[in-house]
Amino acid sequence: MQARSITMLGTGLIGDFYTMTLHGQRGRDAVRVVYSRSAERGAAFRERWSVPESTTDLEAAVRHPETDVVVVGVPNFMHEEAVSIAADAGKAILCTKPLGRTAEEARRMLDTVERAGVFAGYLEDLCYTPKTLKAIRSVEAGAIGDVTWVRSRETHPGPHSAWFWDGRLTGGGAIIDLGCHCIEIIRNFVGKGNRPVDVLCHTDTLVHPIADEDNAVALIRFESGAIGQFEVSWTFRGGMDLRDEVAGTHGTIWLNHFLRTGFEMFTAGGGEGYVAEKAETAAGWLFPVGDEVSELGYVDMFTDMFGALDEGRQPRETFYDGYVVNSIMDACYRSAKSRVWEPVDLDWRGGVTPRIGIVAETYEGHTVIKREVLPDGRQKLILKDAQTGDFVDRIVARG
Amino acid sequence: MQARSITMLGTGLIGDFYTMTLHGQRGRDAVRVVYSRSAERGAAFRERWSVPESTTDLEAAVRHPETDVVVVGVPNFMHEEAVSIAADAGKAILCTKPLGRTAEEARRMLDTVERAGVFAGYLEDLCYTPKTLKAIRSVEAGAIGDVTWVRSRETHPGPHSAWFWDGRLTGGGAIIDLGCHCIEIIRNFVGKGNRPVDVLCHTDTLVHPIADEDNAVALIRFESGAIGQFEVSWTFRGGMDLRDEVAGTHGTIWLNHFLRTGFEMFTAGGGEGYVAEKAETAAGWLFPVGDEVSELGYVDMFTDMFGALDEGRQPRETFYDGYVVNSIMDACYRSAKSRVWEPVDLDWRGGVTPRIGIVAETYEGHTVIKREVLPDGRQKLILKDAQTGDFVDRIVARG
Amino acid sequence: MQARSITMLGTGLIGDFYTMTLHGQRGRDAVRVVYSRSAERGAAFRERWSVPESTTDLEAAVRHPETDVVVVGVPNFMHEEAVSIAADAGKAILCTKPLGRTAEEARRMLDTVERAGVFAGYLEDLCYTPKTLKAIRSVEAGAIGDVTWVRSRETHPGPHSAWFWDGRLTGGGAIIDLGCHCIEIIRNFVGKGNRPVDVLCHTDTLVHPIADEDNAVALIRFESGAIGQFEVSWTFRGGMDLRDEVAGTHGTIWLNHFLRTGFEMFTAGGGEGYVAEKAETAAGWLFPVGDEVSELGYVDMFTDMFGALDEGRQPRETFYDGYVVNSIMDACYRSAKSRVWEPVDLDWRGGVTPRIGIVAETYEGHTVIKREVLPDGRQKLILKDAQTGDFVDRIVARG
Amino acid sequence: MQARSITMLGTGLIGDFYTMTLHGQRGRDAVRVVYSRSAERGAAFRERWSVPESTTDLEAAVRHPETDVVVVGVPNFMHEEAVSIAADAGKAILCTKPLGRTAEEARRMLDTVERAGVFAGYLEDLCYTPKTLKAIRSVEAGAIGDVTWVRSRETHPGPHSAWFWDGRLTGGGAIIDLGCHCIEIIRNFVGKGNRPVDVLCHTDTLVHPIADEDNAVALIRFESGAIGQFEVSWTFRGGMDLRDEVAGTHGTIWLNHFLRTGFEMFTAGGGEGYVAEKAETAAGWLFPVGDEVSELGYVDMFTDMFGALDEGRQPRETFYDGYVVNSIMDACYRSAKSRVWEPVDLDWRGGVTPRIGIVAETYEGHTVIKREVLPDGRQKLILKDAQTGDFVDRIVARG
């Protein structure tokens, strides 16, 4: 493993989380220089995380002679510019989510890094939570059979920074902010080679006085027949709700990343400072998580990114994945307006996935619909009569 | 309270649950006669529940001189006939869910009982679970503000009886079986006077070799802007998953009716018989519920029905509600085919519901997007500049 | 089933819960007259629950010509007098927990009803919660093997009524109030015929300015070797914590009766009234239960009591059980002072229970300590060498 | 931060967990040489974790010229020897739990490292789980007031290695294996300066054919009046149950480290290999954790240890702590035999802790027992009359 020296672009919440991770535990990597649009915030960040230098000059930060990796943590509207400069500088680039404000923008960024031949990773932390990684391995090992449905939910009461609320700068509302996580989680569970075919999305602005959506629900239909379903909201009350559910033909997975993780605290108040990201109350029943940067995937994410860089392989999450996510979000926004299923327009590199298979068992020429074991050990078969189409029960000896 | 003498139509799982409830605890009501299409099943039922008489004559059962209430628990395709006879006999009628196989059928049944002037209740048990009733009261008392979204999920590995699998007899697949519950739960939370405007539904048949859907997801848009979302499946693994989630502008409600209710058991096997409805395993970690007929709403349902009958009022769940549910399911099936949002065609009796209101606060002429309390007690306002449309932070003194 | 007409003694919280249960759902039994020490509270109760009469004359209430059952819900120090009068009147008697303030008092009450030959039931509701009843059935069916340990925990922030705090009137503090529940729950799980041998108890008064204990922990050793452990507190923060855990040689049971039962609500406040018994907050995350009188066992308790009365059998919980509980509590108080294990002094009617059995398997003459299945299907045996006493691993072929 | 080169002693489960942690993520530290009593296991370990060298020569491993830290992960009976050699070599020493088989042994080890002046850390991982660390910070910040009671529970079906079952090699049974964790967790919550005064312990051997205890429950009384309670078992069924509960005068904390952490999976079987440490089943409902080495505290433990070494400070867990734990376990074993509270014999370095304080509020000269807010905003006071000692209710105007 090679120690990495990093240019950090951005000093907001995400820059804090990234640097807390990189400088945490016994890590070998370190932020060498940080860029902020504000000299003040840059200096505070430098102090906060013991970073040697800060600057308000983006170009200088990226081209800093001692760094080999550039982490893009600036607001969405600056991603493309930052990536361009970093690619031109020939450095490894790690870009936060979402990759672009639109698929078109994401596509240009993908082209940029591919043309430059630089390493590029997509910082989609929630695909790297330890629970998610282990669950994906279980799915890949066949523990739940074929995946039929994935629900990914990410909701909280709304972002902390002003620019997040400005669709011109971000590309949209809750979908752009939160839906990008959900979509990529879903893709990891249904299989990245499983083409997203079309999308149905409903959006609304129910609580906040803004032009973009503060609530959205969407269905994504994949080539295998699997359905991805995401729910995002900036109006959830009670903290930050991050849950995933996966249904398969032979099993089920439920993940709760934040509000119910085995840490429950009641306090009459008076003691605590920070409880957890997006926590709404400091008294009553609280549900902190243990180690946020681990539970939210940041630790495993950087391990994969730098490991890939060391080993000359692709990371789990690439700029192409970011582009696919943007393409699906574009289709969501189109569908929310057209109110029909919209195709996902996409330069697809993933191949073909067969339909989830139904293999009908037969019994004396009739289709077996279901087998149930009776208390006495015999089996009840529900059969569909091949001639009449009628459904009948049949009790048979054991197995 | 007047003790009721009941004609029970049907001896399947639902007849068992109903009679277990009626004959349970210190109840004053009793099944006097039971009708079954099979003399054998009728006799077994009579024995099982100490019912004085059984018959295979539907008309005779309904017109039994000593009963005043007819409970319709026969398969869906027989509901209309049973209701007609009972209405003609002038008896109070309680009909299991779904009311009809289609809205048209349900409408005819509604007309029948209204014409006959008999008492008619819709046996939608899951709207009567103690948790649901208490949650609805909380919502009505304003505990979570305006309801913006309701998720109702009902999934299991598939029905136990052959006729359930035959769409000709039932009217469809998992939607007809399970979606009817979800829809009415959703209506109770968004308000029964809140008109269901249109519906988007996706269905698929992924596991069982049948013609009807074994999986479906739907969105229901209500007049207020609230969204109801249901997920139904006959392919869920792990038992019976009955969960509801309600989001409001000021709060959140999560209900789990079956798999996680505070009863957890691990057994190495060898001991137990019945664990719970639709349980898949008899060893390992099991999640029974305490008192199924109470937790699933049967007890409170019959209390409301007979209380309404005693007091000459409408029950909480009426044939009109059953008709609304069928109308929404019809729209779901149309949408699953057309793949667009389909209007809910309905003879609406519920009035008009205003849109969920956004009341934008202003600060020095700018729109306040969000207020956050800082650790030092000051407040951070996120403002939208009235002129430029830009979003900015502003720190102000406390409160 | 015979409808019962009841004399209710007492108008406090417990009188309310009992009457709410008796008059709830479709019950056939009714309170005919209520006794209160205060005419005002009696009148309010009469109004609240539609009871025909109230009186401040205990004797008159008990001897009311139209009642056949007397429910004793007055404070502990009045139990003996009430039971004496009711026994003398020849009526069925149901007495709330604890039976007496001491085993001596309980013993006299037991003698009184046995001498009078009247029906007597011990109203220990928490042994009748639907979860507890089902769990006991599972244990009796062998689902978890031999019970080795039971933890019963009942804690809350302290009683609502003044007399509860006065040890002269109640017999003690948190043990008398809450420990009686735990002890009888434990007995139900280890088996009522399993003699409680001795007790170790620690008590303290940590928060409230009272003379009696506001916290206690105790261990009860049963003849089989099983250990019962109870934790009671009047200083718990966060609501009412009612949990039981049962460990067996082949399984485990965890019951949560109140704070985590599948009903979770976040409210920003402003809406709700009553949340749940002993709830501490009306905003933030709240955990109501569905139907308190069902979940806390009142419904099944009265069904058993009146069923026993109808059928001429003993109820599940008798005055003898109440006497055993008092005997164990007496031993707890002695142990808290002496700081040694104190024997449970008891007129034992329960027979003899064998020690939990260890049947050691042998392999080639050595004792098998453990078998583990390896990933390749072979088994690893941990053996204790018969000669040397050394422990060694041995890998063997499958099965 | 200085990169550390490590001598690892031991190749069992604990050696694996330690090395997985050290070599995991982007860590800068590495195992340079591993010692095993078996050349074969040493070679396999070397291979498994890419360790440059293995040896069966303990002395050579410890004195390896390129290592500066020795991690003692050999069986208990070898701790003292290993520590002696390492101290003599002047290296930093990290020793796994329990420190010694007895307090006497632990004391000698403490003296050894203090005499040698080497850095010494006690590898008590469960005091370092992210949840535990955050909970301790909350307690220290006053979030739950004064701690009155801590329950720590650690149970599973029994160890995997033969030597663990041999009390001659380990010092005892489940207490030595698991109780050491619980005791130190309890000390962290009640405060390390809070002297453990005396101990009451019950042990039994209920399931396994061994001479040492397979079940134990103990109470530890601290100088403040706080009670620590631990439950350990080698006969638990259902996996590994690691839970802590902390009660304070103003709050409550519940931690679940293993079986309920927001990861739930049902599988019909056929897919998975390793589920989790001590998991009993590979099908049905399973409860894996995300990242075991993080959730079980190994990551934060080594960060603290090496951080302390870098900074010249003591780690959170020292050999003195290990000695205190052994002293408490010794008292437990004495109490299990004597059946009385046994004093904890200890060379105490921790100072004096005041008793948890009761500050009684008065109202018109009477002691206030409790305040409750009524629905109308008035307050109900429960008062103890200063003269009569009677308890009375008093309704007063708001606050």
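Going by the order they are written in, the chains are A, B, C and D; count residues from 1 in each one.
Note that in this section contacts are C-beta pairs under 8 Å (C-beta built on N, C-alpha and C of every residue); 3 or more make two chains touch, one makes a residue touch a chain.
Because the structure is a prediction, the values reported are computed rather than measured.
S.K.: Pick from A-C, A-B or C-D: which pair repeats the contacts of B-D, with over half of them the same residue pairs?
M.R.: So the equivalent interface, with over half the same contact pairs, is A-C.
S.K.: Centre to centre, using CA atoms, which chain is the farthest one from chain C?
M.R.: Farthest chain from chain C, going by C-alpha centroids: A.
S.K.: Taking the mean of the C-alpha atoms as each chain's centre, how many Å separate chain A from chain B?
M.R.: 33
S.K.: Rounded to a whole Å, what is the gap between the Cα centroids of chain B and chain C?
M.R.: Inter-chain centre distance comes to 35 Å.
S.K.: So, what's the distance in Å between the C-alpha centres of chain C and chain A?
M.R.: The mean C-alpha positions of chain A and chain C differ by 48 Å.
S.K.: On chain A, where are the residues touching two or more other chains?
M.R.: 144, 237-238, 250-252, 266-268, 273
S.K.: State the interface residues of chain C toward chain A in the complex, per the touch definition above.
M.R.: For this pair, the touching residues of chain C are 237-239, 266-268, 280-281, 283-287.
S.K.: So in the complex, which bits of chain D are touching chain A?
M.R.: Touching chain A: residues 1, 3, 24-29, 129-131, 133-135, 138, 141-145, 250-257, 260-273, 288-291, 294-295, 299-300, 302-303, 306 of chain D.
S.K.: Looking at the complex, which residues from chain B come into contact with chain A?
M.R.: Those in contact with chain A are residues 144, 148-149, 151, 155, 157-158, 160-163, 165-166, 168, 200, 202, 204-210, 215, 217, 219, 221, 225, 227, 229, 231, 233, 235-238, 241, 247-252, 273-274, 339-341, 356, 358, 360, 367-370, 372, 375, 382-384, 389-393.
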